[in-house]
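Below: one structure, written as structure tokens.
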Amino acid sequence: MALEQTIKYEAERDRDFARWVMDQSGGDNLRHCIQCGICSATCPLSLYMDYTPRRLINLAREGFKQEVLSSFTIWLCASCYACRVECPKKIQVTDIMYALKRRAIQDGVYPRRFPIPVLAREFGRMIFLFGRVSETLLVIDLFLRTSWFKFLSMTGLGMDLLRTGRMSFLPERIQRRAELRQVLDALDAEEKKEASR
Amino acid sequence: MNKNSESVPSGKGESLPSRHGGPMPAEPKIVAFFCNWCTYTAADLAGVSRLKYAPNVRVIRVMCSGRVDPQFVLDAFARGADGVLLGGCHPGDCHYAEGNYKTLRRMRMLARMLKDMGIHDGRFRLEWISGAEGDKVKAVVNDMTAKVRALGPLNMPDRFKEWDKEMVHAR
Amino acid sequence: MRYLYFPGCSLKGTGRAYEESLLAVFGALGVELQEIDDWNCCGATAYMSVDETKSYALAGRNLALAEREDLDVIAPCSACYLVLNKTQKGLAEHPELHRKVVKALKAGGLDYKGTVRVRHPLDVLVNDVGLDKIAALIKNPMKGHRFATYYGCQIVRPYATFDDQDDPMTMEKLLKAAGAECVSYPLKTRCCGGSLTGTLPEVGLRLAYILIKEAKKRGAEAIVTVCPLCQFNLDGTQGQIAKKYERVDLPIVYFTQILGLAMGISASELGLTRGIIPAQAVLAGR
Amino acid sequence: MEHPQEKNGRPRIGFYICHCGSNIASMIDVAEVQQYIAALPGVKVSRDYKYMCSDPGQEMIAQDIREHKLERLVVAACSPNLHEETFRKAAVKGGLNAFYFQMVNIREHAAWVHTDRRSATEKTKDLARAAVYRVHFHKALEKRQVPVSPEVLVVGGGIAGIHAALTLANAGKKVTLVEREATIGGHMAMFDKTFPTLDCAACILTPKMSAVKSHPNITLWTYSEVVQVEGYVGNYKVTVKRKPRYIKEDLCVGCMECIDACVFKEPKFSDKFNQGLGKRKPIYIDFPQATPKVVLIDPQTCIQFKTGKCKKTCVESCDREAIDFAQKEEMRELQVGAIVLATGFKTFDAKREPHYGYGRYPGVFTALEIERLVNASGPTAGEVVGRDGKHPRAVGIIHCVGSRDEKTNKWCSRVCCMYSLKLAHLIQEHSGAEVYNFYIDMRAPGKAYEEFYDKLLAEGVHFVRGRVAEVTDWAMTPEEEGRLVLRVEDTLAGFVRRIPVDMVVLSTGLEPQADAQAVRRCFNIGCGSEGFFQERHPKLAPVNTFTDGIFIAGACQAPKDIPDTVAQAGAAAAEALVLIDSGHVELEPNTSYVVEEECSGCKSCVPLCPYTAISFDGEKKKAMINEVLCKGCGVCVAACPSGSIRQNLFDDDEIFSEIEGVMAK
């Protein structure tokens, strides 16, 4: 068995990252966490996580950026808000998870075997193009990009959906796509302006 | 006349200090009358709890908010206060049974009068703050300071001088 | 009674039966629904992980469009309901975000004030229409039918406005009015894993299996839900559940379908033929 | 108004500013303020000093007064609520009247609340200048001496009230103990054992209860409530409502034959003392050692009250003829010098945490219910059984229910960790069940408390560090079928566990009494934001309130255990003794008076006074203020149209000069 060093040195902490997390919307209460673990206990997905939500909160608070951003935990969060509702310190765990997902995508450090970031990105692309999302196209698109085998196993479901009239290959779209484009472009422009400052 | 505009009876509006050029506008000064039992104690509590708030308020201690004569408020404005804050116990909690109800009645009347005189209603405020509400002292002081700062200086003493000059000319 | 209606993408796609039954029931109750002109996708939970500001702007456009009418908005899809409400709250609480989003919407010729109320059909049915009025229209009570009510995540969480966060009861009230029975179902607000089924099937399947198995164990003939994603997930994965765990075969229906049946509306009008798991048990005796 | 700086014969003023170590000096440039005030007209001495309240600081003031013939004194330091008396004494020591002094609060109101040194210093200058302007108008005054009634009222008959009443009575003072329930004993009487020594609660409490009953200096009024309090320190007039128990208390000997004789053969009604786990009859006594040992009748359930057609077998059975269906509520008045409030707490309503299933699953109990269940004189005679009559194989104790939670109560209730350990021990001892404690942080910071925790660890009780998410009957494994499952993260292990048990104990926290707000209004004291009674100072005046003569003890002030409660009750009794033993109190001279020549006789002040201190002299056609009744609020002063009412210490001149002072440049 290979021996692994698990001690952490203060130099490995990224204090700016901890501050960044607390600056995100929903991150302001993070410091108040008393590590009671009710978030993990109420989470229907914590059994699959490498770090339970409680541990992730503590890692983020202490600035262990690498561990936080490469954890499965943030991608397993299904946004069910159970932790947020139970938290005795009103920590907005779900919103913190969103912020960490965005950061992981931005930094390109998410775990490769999780297609969730791809879904999120494709979802965005589709909205940008059509203004609405057609689930069928999204699912097909996603599976083509990530795994052929899974797509094949899903085709059974696809047939069922076609049979019950719940599947359409025509993209839903809005009329005034230009209007939506203008809104999103304005935000891009603003972001560029901020970045150049 | 706009209800919230701030102008003096002579019709001379209070203009905000210019944002560009000239010296920085002076920080607003707010005179506060706090009752000994609730609001003054709350301010003590804010101190003991090391809450941080704007340094613009000058507290004058009275035993009960019911002691505050409307003339105190007028005098404070006349002497240059940009705002006046009155703090008493919550209704039903007055240390002297019902002094704060009398304050409320009196100050409602005064507030109307101040408005008629052209003093913006954001400059005069009555707040119920119990001895346990140190955080409310902080919130009220910060909020009022921000609002009064946005209104700009009231500067009654200088205006009195102006009027005096006009009176001389008129004669 | 008149409301604006925000169907969202699901109700035009896999959740078509929800829209059909909702419109049928509201029509029978004399409640008018006016679809928001040229609405766009609310962004759902996925887009929040990509771009926070844009996500708010997407939802903001819908809210701005809605503000042009002086009506409350009904959002039947749980994700839409949450996202639209979250946007209202988020923009009110974060001035910098508010400034950016309002400015961007202006660029598209839209005006956002944050005045519109976004509501769920459950809320509207119980609090505006009223149980009495609904009960009066029940022609064909669902006597002897037992259901597990399933709310899922995003209706009462995180903003419980019309029901309890831990133990919501609105659906029980409606189903009782329709003459049905509800089994005690402690998993009624537990996440179904719907947002993960497509991406992490092994995880999503297990969550769905637990929910269905428990409902069955407690004697429910169907799970009654309020969310198109939950319905899709619980209904559509039963084939794979059968392969991986065991055959469960439990119909997953919308509460509007049960209400509609009890009001005497036909099964096909209510989209009851659209379930992958056939809803025969629910239709028994009619 | 007169302008102080234009007046001749300006008094000679001494000004002192305190560094308070670095408390003040770190945020305020005290030297700058000192120099600035030194230059004001009339100021003869201006000094800054490290600790003004120290002996050398006070001595410095006294010496300066003598040396520089100072006539007024201004000290800028902390809140007058802390050290006003100190500096008044320093003034007197120097030969100056105590009321020629004015204090400026620059610590609590400036140094501690600001972050910018410049503006904090400017603010301090303004406040100090205002005081300098103000003292000019100060007058020599004397405190009023008022005699003190030597009796004490103790409200609440739990262990705090019992201990306070006994302490005062043993010191020879007459005490009235008022308790709202039918018996004294409070929560402690419901407990089985007490931590950490495990001595039996009844064994140590009942001797004290009977001592109360038999003490010649104590009048015990149970089933009674204070409804009104008037007067002031040393002279409170209290009205007490004595509720009818339909039994003549002086005749009943507590033989309980009436209970046996009741037409209800079996106890049928929910028994409040046993937390609803037991039953009682319409005529009952809470528990065998109830004090006074007098039965009572509940008119809500008694047939005679409900229909008027009962055979009244109870009346027949009582040869002392103590039963009186016609008994009426009585109002009694008391005159006391001091009041000790020991009104206790209530436990958190477990239904407010629906995910723990209290009221839904019969296997879920509150800690207080378990206290009754493990009690030998409780409804099951000490047997740990569920509501279904089954013996649990495993029991889970959930800590912090309604504590340390922003959604319910933010505070730590302080006693739950320890009582949970105690219950874990007792449950294991009584039932042999496997016991789990689910805690967030184990708080055992008392004498022999950590050792008690150690004992429990040795006894094999499980400790899982984590807040339980839910109690559910949803089973995942065969072992879980038909049981209650707790879902919790074992935070020390780092994963989630599902633990099936048969009985769940919710360690509910301590809350203010439901009517704490009404009670505090009645006694004119304050509550903290969480609703417990507010002490005058958290460290240095923990049993005093802002109303002189009213003291607090026990869990009405904050959650606390029995040792701390008893210690505090002793302290409150001692403070009350200090007050009444001196025979008199000194009152601030801030009363109002009428300047007769100026009074127009308009009578507008007369109805304003809440203490009816103002009367109208029909002959002179002038208002008159009774100084003894006046409490010094100043409402009449502000209302007098002719300005003929003045107030000592807060006169118009004084306040106007203060306004001028803060605004002057």
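Side notes on the structure shown:
Should a chain be cited, it is by its letter among A, B, C and D, assigned in written order, with residues numbered from 1 in that chain.
The rule is short, and it goes like this: a residue touches a chain if its C-beta (ideal position, glycine included) is under 8 Å from a C-beta of that chain, and two chains touch if they have at least 3 such contacts.
Predicted model only: the values in this text are computed from it and were never measured.
With centres computed from Cα atoms alone, the innermost chain of the structure is D. Top-ranked chain pair, ordered by C-beta pairs in contact, is A-C. Averaged Cα coordinates give subunit A a centre that lies 22 Å from the centre of subunit C. Distance from the subunit A centre to the subunit D centre is 50 Å, each centre being the mean of its Cα atoms. Chain centres here are Cα means. That of subunit B falls 34 Å from that of subunit D.
Shared contact sites, meaning residues of subunit B that touch two or more other chains, are absent. Each of the following residues of subunit C touches two or more other chains: 166. Multi-chain contact residues of subunit D (touching two or more other chains): 355, 470. Under the contact rule stated at the top, the pairs of chains that touch are A-C, A-D, B-D, C-D.
Those residues of subunit D that touch subunit A in the complex are listed here as 355, 400, 404-407, 440-441, 465-470, 487-491, 494-496. Residues 164, 166-167, 186-187, 210, 214 of subunit C are the ones touching subunit D in the complex. Of all residues in subunit B, those touching subunit D in their complex are 27, 29, 31, 37-38, 41, 43-44, 46-48, 50-53, 55-56, 58-64, 66-70, 72, 75-76, 79-81, 92-93, 95-99, 102, 106, 130-133, 138.
Subunit D makes touch with subunit C in their complex at residues 354-355, 470, 472-474, 476. Subunit A meets subunit C in the complex at residues 25, 44-45, 48, 76, 78-82, 84-85, 92, 94, 98-99, 101-102, 105, 114-117, 119-121, 123-124, 127, 131-136, 139, 142, 150, 153, 156-157, 160-161, 164-168, 172, 174-176, 179-187, 190-191.
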